[in-house]
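Chain lettering (A, B, C and D) follows the sequence in which the chains are written, and residue indices restart at 1 in each chain.
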Amino acid sequence: MGHVYRLVISCPDQVGIVASVAQFISEKGGSIVEANHHTDTSNGWFFMRHEILKGSMNCDLAEFEAGFAELATQFDMQWFISDSESPKKIALFASKESHCLADLLHRWHENELPGEVVCVVANHDDLRSMVEWYQVPFHHVPVTPDSKPQAFAKTEEIVAQYQADVIVLARYMQILPPQMCRDYAGQVINIHHSFLPSFVGAKPYHQASERGVKLIGATCHYVTEVLDAGPIIEQDVIRISHSHTIDDMKRLGRDVEKTVLARGLRYHLEDRVLIHGNKTVVFDA
Amino acid sequence: MGHVYRLVISCPDQVGIVASVAQFISEKGGSIVEANHHTDTSNGWFFMRHEILKGSMNCDLAEFEAGFAELATQFDMQWFISDSESPKKIALFASKESHCLADLLHRWHENELPGEVVCVVANHDDLRSMVEWYQVPFHHVPVTPDSKPQAFAKTEEIVAQYQADVIVLARYMQILPPQMCRDYAGQVINIHHSFLPSFVGAKPYHQASERGVKLIGATCHYVTEVLDAGPIIEQDVIRISHSHTIDDMKRLGRDVEKTVLARGLRYHLEDRVLIHGNKTVVFDA
Amino acid sequence: MGHVYRLVISCPDQVGIVASVAQFISEKGGSIVEANHHTDTSNGWFFMRHEILKGSMNCDLAEFEAGFAELATQFDMQWFISDSESPKKIALFASKESHCLADLLHRWHENELPGEVVCVVANHDDLRSMVEWYQVPFHHVPVTPDSKPQAFAKTEEIVAQYQADVIVLARYMQILPPQMCRDYAGQVINIHHSFLPSFVGAKPYHQASERGVKLIGATCHYVTEVLDAGPIIEQDVIRISHSHTIDDMKRLGRDVEKTVLARGLRYHLEDRVLIHGNKTVVFDA
Amino acid sequence: MGHVYRLVISCPDQVGIVASVAQFISEKGGSIVEANHHTDTSNGWFFMRHEILKGSMNCDLAEFEAGFAELATQFDMQWFISDSESPKKIALFASKESHCLADLLHRWHENELPGEVVCVVANHDDLRSMVEWYQVPFHHVPVTPDSKPQAFAKTEEIVAQYQADVIVLARYMQILPPQMCRDYAGQVINIHHSFLPSFVGAKPYHQASERGVKLIGATCHYVTEVLDAGPIIEQDVIRISHSHTIDDMKRLGRDVEKTVLARGLRYHLEDRVLIHGNKTVVFDA
């Protein structure tokens, strides 16, 4: 399939939005490949995403943006248009556990991930060789209780240096400082190894074993200042029984963590996730 | 939520369809509650469904239809508009097994099914009392090898008498005559107790046991002249193991059959299923 | 399949238990149809369940029990043996919502449920006609803030009158008094409409919508004095999206509630659930 | 957990097997960590698997085997005992697609796979660098229509040289010669990218798209002379819709293929799969 523009809009709902937007796209010759709408009737908010074939447009992106701005003001829209030929730059944060990191690197290497992995930052050095096989720069930034402020200053410097658009906590095991959560709001994606809101915080599989649940899960969410409480992008579960030890749960859970994180990240990279309050609208293909 | 019109369209794809349709709806004051598009890039066909709030329209249905016909001709559309206040009339066909029939009757009784059950036709008399408790007319039309033509003539007469819009084979266990399949094309829904195209025909659970599969399923599909080969609306599966006997498979399978049929029928009743060739586009909410 | 005895054992783990039990069964001529073991290595506890073909035994139940008591003492066992020809008696508690009640009554009517429904107790009269169609005695016992003690005294009287072995809260919507929870420990089964421990208490679908989860679930558990915190028997989930309203969640959730409750109850009726502390061992076939 | 012996038995069913086996294990001081039985009542065949803690035994493996042989003869058993400290040697066969190969190598590297990867044989050279990063010998054996006999002679030589116990076709895309299927019966595991028996042979996702199914799947099975018809070990599915192209199906399918193959292989490596006729008994933990 050819490259596309992605036009993403949210605004107060009213009659005529769809017609005006469709009319505008049509005038530019735009061939709509995918379109999704959603009205949240509980708060009167409207969400919309279009994929428009680049080759079909009779104007360039700047001209589109200039023209659309007027219409956007009229409907009080929050909006942006992105280009699938300018994929988002991804900074992966890791620790010692490799399953999520290896999974994302492999997907990227196989051209499955619609983004560009620009660097890995890790607070341990264990995964350096694996990362370097993929020819991705690896930065070892240890985080200790004493060095936390300096470590995160260094970390933010690296992110800025690579102009990363999104930070993925691929089992990073460190809590980001509140200021960093605010600075990168909507740009930091975490994978938590439980079906949130159950089992917030440390050792969720131990918590799950203690409670005797019959399914365990994983949750991909945006990071906010409140631990494990940000907007949820994607979740999934897997069945367990009394016969599974905590080690079995960790093993089974890894498969869920990997796929949930990969799906959630994919949605983000394709601008399919619209955050509103503490919830998300996810326009899955 | 208020009552809605459902505008359902399919046509050759081209630039401007969305804009023209949205413009038309907007001019009539129509507030779009739900909108779905799909372009099948393999054959250049476009599919579209809108839910429009009835109360928001500044014209009646006849006026809408008259105006829209012109636009429809222009884009070579197959289309219709339906009214959620005129729910489809359902004829349920059954045999001796009650699980699908009981499930649908209960959903309808609890106002969960967006349609009206107008009659039950059964080739055995066993389920009469259950059906009559729901105050639904029960017609016992036995089908024997000798009586098949007369039986189906009688059956079609009943369907016509109640002006049924859709026939649901709720484990009916009889093969409809080819002419009836043609006459009611796209209006007869069957539940087959396997994950089609595996295990077509009789005794699918026995076939599944013989093959040693690890999941069993059910398939809701439109009936055509070719047995168990019509367009698929919905499918699902459930896990089994070596420890399950064929009786266990039947028991577990019943739960899948019920939910798959209820979901598939719901999609049909809300005009969410667009048939194209031998495949369906299902615009799930 | 023929009728079976179910021998259910839990005790401290040690070498020789399996051999001694198997030897005892073998001496009585018992043909073992199904056998399950589990050792909880975290606390050294052993769990075991056998299904023994009744017709294969060369002694009656009393003789078996007398002989086995000696062996049981030796290994410090908690144990019992039950007879599938003496199915458990079930009291169903309901309110106004019919989906779980109708589902269980229908399964029982179709001989799918390995137990005997002896009565329904409801705090509203709405479901009387449906229950009476199944020829099950219906007792309307209203519960109001003022009448709670008398209402539950009356309720316990009814349970005693029918000699019910298990109470099923089929969306009963009332909290049982603490003393009743203690008196019927391990004999009261509830269905909670969330994936516990998430969303304890009232209106779990509203809580789920508020948090923006991507899956909703249901949990079948034993009732204890602590609300929604008793040992979990069975759980399942279903996928939702931003497009589902709370009414959609209720509709989708009902299907999960029904199947989770039916599965959990089935396990209990077949003596497949062994409670230990606040967790369960479920020996699923 | 400590290392274990795995005692795996199948034989005609009769009273006393369990007692005799348990008695024998108990006399050797064996602490049973996991035990599974199954009787196939359709053909009177009995299946059994024990995990016995190595450290608990008062005899060595040779002594156990010598003693058990007598008992085995008495009950006409097919049986073996394996040692978790002597893990099976795995030969991975691959082509150009890396997802299954990379997944298994990573699991093995992280000590998740209870076996030892001894070599990779590939009919293309593309994946050499990836395999060599894992320090696994990589053998490029091209297969062309003309060279097939020589290529497979070379391939068998390699398998023999590494004394591989199991061959995994990790999207190998070549059909093994009939003689090789016979020689390695029960030792060659394939992943087929459909929910068998649907869509046997080439391009199953194209076949699935053509038929319009709503779920796609993957099947892990033993290879026999009949293409895609050997005993099934494990299967799973994932939901698709009309909006998914064949490329989307391939992408979604890869995740199912990986996990189904990894699960199936794990069962095989832990001697949890008992083949009987064309079906399997899988004693999942």
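Heads up, the rule we're going with is that a contact is a pair of C-beta atoms (placed from the backbone, for glycine too) under 8 Å apart; a residue touches a chain by one contact, two chains touch by 3 or more.
Chain-to-protein mapping (UniProt): A, B, C, D = Formyltetrahydrofolate deformylase.
Nothing here was measured: the structure is a model prediction, and the numbers come from that model.
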Pair joined by more contacting C-beta pairs (B-D or C-D): B-D
Same or different residue numbers at the chain B/chain C copy interface, by half rule: same
Distance-maximising chain from chain A - centres being C-alpha averages: C
Whole-Å gap between the CA centroids of chain B and chain D: 41
Centre-of-Cα separation between chain D and chain C, whole angstrom: 37
Where chain A touches two or more other chains, by residue: 1, 34, 41, 243, 245
Chain-level touch network, classified as line, ring, star, complete or other: complete
Contacting residues of chain C [partner chain A, same complex]: 38, 40-42, 47, 195-199, 211-215, 217, 231-237, 241-243, 245, 278-282, 284
Footprint of chain A on chain B - complex, ascending: 1, 15-16, 18-20, 22-23, 25-26, 29-35, 37, 39, 41, 56
Residues of chain B that touch chain C when the two form their complex: 1, 34, 98-99, 102, 106, 110, 112, 129-130, 133, 243-245, 248, 251, 254-255, 259, 262, 285
